[in-house]
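Two complexes come next, and they have one chain in common, chain A, joined by chain B in the first and chain C in the second.
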Partner chain A sequence: MKALKLDRNAIGQWLSAMAGERDIYVPAPDGPAKGTWTLLTDYSMPEIKPGVPARPVKNFLFPQPETLLKFSTVPTDPNCCLPSEPEENGRKNVVFGVRPCDARSIGLNALACKADTYYQANMEKNAIIGLTCSQVCSTCFCSETGGSPMGTEGCDVSLTEIDGSYIARAMTERGEALLALAESSGKEVTDSDISAVEALEEKARAGSDEIRNPEEQLRAKDLMELYNAPFWQELADRCINCGACTFLCPTCYCFDIQDETLHGKGRRIRCQDSCMFPLFTLHASGHNPRGQKIQRVRNRFMHKMKYFPDRFGPISCVGCGRCVRDCPVNIDIREVMRSLLHI
Partner chain B sequence: MSSTKNPYRPYPARLDNIKVETEDGNLKTFRIVLEDKADREAWKHTAGQFAMLSLAGKGEIPIGIASSPTEEGHLLFTVNRAGVVTTALHNMKEGDRIGVRGPLGNGFPVDTELKGKNIVIIAGGFAFTTLRATLIYMLEHRQDYGKITVIYGARTPGMLLYRDELEKWQARDDVDMHVTIDREAPGWDGLVGFVPTIAGQVAPSPDNAAALICGPPIMIKFTMPPLEEIGWTDDQVYLSLENRMKCGIGICGHCSVGPVYVCHDGPVFTRSQVQKLPIEY
Partner chain C sequence: MSTVNEKITEKIRSEAQRLLSSGEIAAFIGYEAGSLPMSVRPFVARKPEDASRLVWNSFCVLNLANYLPALLKSFEPPRRPGDPPPEGPLPKVGILATGCWSRNIVVQIKENQVDRDRVVIVGVPSRGMVSARKVKEAVGERDIQACTEEDHSLKISGEGFEQELNRWDVVRDNCKTCVHPDPVIYDILIGDPAGERQVQDRFAQVDEIEHKSLEERWDWFADSFSSCVRCYACRNACPLCYCPTCFVDDSRPQWVGKSTEQTDTMLFHILRAYHCAGRCTDCGSCESVCPVGIPMRLLTKKLNKDVLEMYGSEAGMSLDEPLPLTTYNPADPQGFVLTEKSEKGGDR
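On to the complex of A and B.
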């Protein structure tokens, strides 16, 4: 696969070349939009701080909200109540500066969304240009979840900063085509560039994390034994069911479907939902299968650490640390994972 | 949109006939005809499967398919008025447009595990719908099954579903019908007693048999002991679970019970499968 060495200037030219056919989104700089992803309008290398922005990349794969269908509700309209798919504007995106954890989440969610044509279409629509991590934050734990600060999974192109320049490696055919647009401004990579990247990869592998491949250990454990573990109650006592973790989590993909109508025009939308909320499971009869907080708290962690790996293989957590960073009552998923591994 | 079929897009359909089933007016059976011939021809379901009924502007609800695959040309759904969408549906009239998304879920294994077995159908209240589909399918393929026993109970005679059909089945000699109501009622000369009691009296043999049980959880709970006493085991008992659902295709998370999705892996499970799951249904 193609690889180029790009200095900041060359990145700017590359962004400008890609902007011809795609909208480019980058982590927003400090200011009112901080923490979100913003449309790039001046084509220079954006300042991307260490760690992940508050909003995960899933917002490009599950737009908030996403129109699934639209319909008329005017009774005299012959097409009344006949749903149709919304027209696409055809514009594609580049999501630039995606950290390895976020990039990896796209493929994990795709395991559950194989039959979901909208998710598949959004994967088509959004090209991912990753940026490996030269600095690991205190809340980061990607290596403990099967990822790496140097990871490229889910990226079309992966950038690694070395001495103020970037080694850009195409990881997919789509990435190859995008990187071709940088050919005129970039330089060929040298052997020493490649060995510098390999040295970083080696260093990432040699990290001193105590947990490796938790999914294998967790899959081997008895489901009901984990479910009945004594520590859930203590966690539930602290949790306020605010749902922040689920909205910030790149691998929480649960959603709600709702209909909206205004002046005879309607649409069926989907938006993120959270298993932290009692309404998530409430029956019309009033019965609620997860009516207690402990059931909801437990469901989120069990889904990530046991149900998902049992079904698909890997754990549904990429170690981005957003939930650790932003939980108002300091619940730490790393501790939960350790507790589960010790059962 | 990619060329593969959009799983969220319902088939356009019309309400062909609406029948009030119960004396309280809370249950209606909707006969639905898919508008497009191609959709009608492509539609194939198994007894025990469900579909999403889609009301534009109101939302979708998962409802068991009450018609047997052998009843061609239309679909039946018996719906209890409970929430926003079911209330809107109850207020609709014949000829109105509706959407149908499905069939979804697994259904009863009528053509595999249940073939050649003696069948015991136990239903309470308005949980009889997909069992009606199953019973009709089995009666249409009568030679594929052994003895068929039906135990069906409701609170009052007026709360029994499919009254006309119950009478027809009672008149047949190839199905053993036990229709019961909870308490004595004027004009009722049939069985009186709760479903578990009647199940204990009928005492269907567990030899080469399978039981399909649908009803309120309390009925299922009390029906099991008399069956277990005469030798029934959990892997002979099929249950159909219900949970809140949105996508219907095993993604959105609402109906999950531990590692399984009721919409995708169910709604039909054996009791031994259910026993291994957290009680989140």
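On to the complex of A and C.
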């Protein structure tokens, strides 16, 4: 696959070239939009801080909200109540500066969204340009979940910063085509560039923590033993049952479907939902199988660490640490994972 | 020399230990150390030996009164609506309370959510809690790996940096403008009362927004709340929000849309704030727990200002005062009532 060495200037020219055919989104540096992804208008290398932005990349794969179909509610309209496709602006995106953990989440979610045509279409629409991590933050734990700070999974192009320049490696055919747009401004990579990247990859492997292949260990454990573990009560004692963890989590993909109508026009949307909310599991009968807080707290972790790996293989966590960083009551998924592994 | 907080921690531990081992209380709501720098976690101590885990520092930002009604209920035998209340004394719960938290407990007692006789309130005068967000900004959003707290300073360090911050500089805005740092109700008091604080312009943040034009105010509202993810952390961290079913969780009828469309997000925040009118103590829990940094506290602060100016009342100051919004007085101001003669967009 193609690889190029790009200095900051060359990155600017590359962004400008890509902007001809795609909208480019980067993490917003500051202001009220801080932590979200914003449309790049000034084509220079954006300032990307160490660690992950507040919002995960899933917002491109599960737009908030996503219009699934439109309809008219005017009785005299011959198409009244008949679904029609929502209009699309037809633009494709480049999501630039995606950290390896976030990029990896796209493939994990795709395991559960194989038959989800909307998700598949959004994967098609959004090209991912990753940026490997030179600094591992205090809340990062990607290497304990099967990822790496140097990971490229889920990326079309992966960038690695070395001495102020970037080694750009195409990882997919789509990435190859995008990187071709940088050929005029970039330089060919040398053997020493490649070995520098390989050295970083080696260092990332050597530096990772004591937990390896947690999915294999968790798959081997008895489900009911994990389910009846004593520590759930202590977690539930302090959990306030907000949805911060689920909404910021790159691998939480649960959604709600709503019909909204106004002035004779209607749309069916889907928006993110959270297993932390009682309404999430409320049946029409009034019965709620997860009516208690402890049941909801347990479910979130059991889904990520047991039900998902039992069904799909890997654990449904990429170690981005957003939930650790932003939980109002410091529920730390790393501790939960250790507790489950020790049962 | 131990710091003020270390001394308070020691006293909290010994009181909780005493209360739990004597059997006076069944559980004690406090804080224990967290897994990250600047983090603590609410903790329910249920055994005497749990008391040694309790801590106190400047990062205890979530109002513990939030846990009180549900924890009390968890010690009651289950009953259906209409069943008589259980006979005999029910287990008690101990809880830490600063000025604002104690005022929220007063509100909960007056709103019949908490039985005063079942709570042992351990009062701690507040020195003001620190905003982790302000600290992060002060160190340029770098990754913080350690934080040590002295009485008047914080030492922050991470990869390649070490910075000392003046504690008061990073204290939360609500604490800086707080005039009642001492608990208004308690059974045991730990630490020295701070006394009423003199604060000039305690509503300055609200005044600033009030002085904007209608359009500017709308822009402020739209911009500041645009990044809301509707996680409801603000609602769930609030000791006033104890409804069994919140209006946003009702599906028959559905009062508000579920997505992050501007209309729905704004409607949620306006209604959340209005439900707190006359009840909010400006404890700052909502703002502190917001994962995206929305200043929703300013909405309730505005209502606190209005209730103070119009009804001369501040929430939860005493068990004997009536609740301002459930009490009618013929002399109550009427100027805010919309009539045909009201000017469009008029304030009052």
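Operating definition for what follows: the second predicted complex is superposed on the first by the 342 of 343 C-alpha atoms of A that agree within 3 Å, B and C clash if a C-alpha of one lies under 4 Å from a C-alpha of the other, contacts with A are read in each partner's own complex, and residues count from 1 in each chain.
By definition in this document, a residue touches a chain if its C-beta (ideal position, glycine included) is under 8 Å from a C-beta of that chain, and two chains touch if they have at least 3 such contacts.
Since the model is a prediction, treat every value here as computed from it, not as a measurement.
K.L.:
May I ask you to decide whether A:Asn126 touches chain B, chain C, both, or neither, giving the answer as first, second, both or neither?
P.N.:
A:Asn126 contacts neither chain B nor chain C.
K.L.:
Please work out whether A:Arg290 is in contact with chain B alone, chain C alone, both, or neither, and reply first, second, both or neither.
P.N.:
In the superposed model, A:Arg290 contacts chain B only, not chain C.
K.L.:
Using the superposition on chain A described above, determine whether A:Cys271 touches chain B (first), chain C (second), both, or neither.
P.N.:
Second partner only, chain C.
K.L.:
Please work out whether A:Asp256 is in contact with chain B alone, chain C alone, both, or neither, and reply first, second, both or neither.
P.N.:
Both: A:Asp256 reaches chain B and chain C.
K.L.:
Would you check which partner chain A:Met302 touches, where first means chain B only, second means chain C only, and both and neither mean what they say?
P.N.:
Only chain B is touched by A:Met302; chain C is not.
K.L.:
Based on the superposed arrangement, let me know which partner A:Thr160 touches: chain B (first), chain C (second), both, or neither?
P.N.:
neither
K.L.:
Just to be sure I read the superposition right, which of the two partners does A:Thr145 touch: chain B = first, chain C = second, or both, or neither?
P.N.:
After superposition on chain A, A:Thr145 lies in contact with neither partner.
K.L.:
By the touch definition at the top of the document, which applies to A:Cys80: first (chain B), second (chain C), both, or neither?
P.N.:
Touch partner of A:Cys80: chain B, not chain C.
K.L.:
From the superposed pair, tell me which chain A residues show up as contacts to chain B and also as contacts to chain C.
P.N.:
Comparing the two interfaces on chain A, one with chain B and one with chain C, the shared residues are 256, 258, 273, 282.
K.L.:
Would you mind writing out the residues of chain B in touch with chain A in their complex?
P.N.:
By the definition above, chain B touches chain A via 1-2, 4-10, 12, 54-60, 82-83, 86, 97-99, 242-244, 246-247, 249-254, 256-259, 276, 278-281.
K.L.:
Hey, which residues of chain C end up touching chain A in the complex?
P.N.:
Touch residues, chain C against chain A: 34-37, 39-44, 62, 66-67, 141-145, 158-159, 223-224, 226-227, 229-233, 235-237, 249, 251, 257-261, 288-289, 291-293.
K.L.:
Could you pull out which chain A residues touch chain C in their complex?
P.N.:
32-36, 49-51, 54-55, 64-65, 135, 137-139, 234, 237-238, 240-244, 246-248, 256, 258, 260, 269, 271, 273-274, 277-279, 282, 324-326, 328-332, 334-335
K.L.:
In their complex, what parts of chain A are in touch with chain B?
P.N.:
By the definition above, chain A touches chain B via 68-69, 71, 73, 80-83, 85, 88, 112-113, 115-118, 120-121, 124, 223-224, 227, 253-259, 261, 266, 268, 270, 273, 275, 280-285, 289-290, 295, 299, 302-303, 306-307, 310-311.
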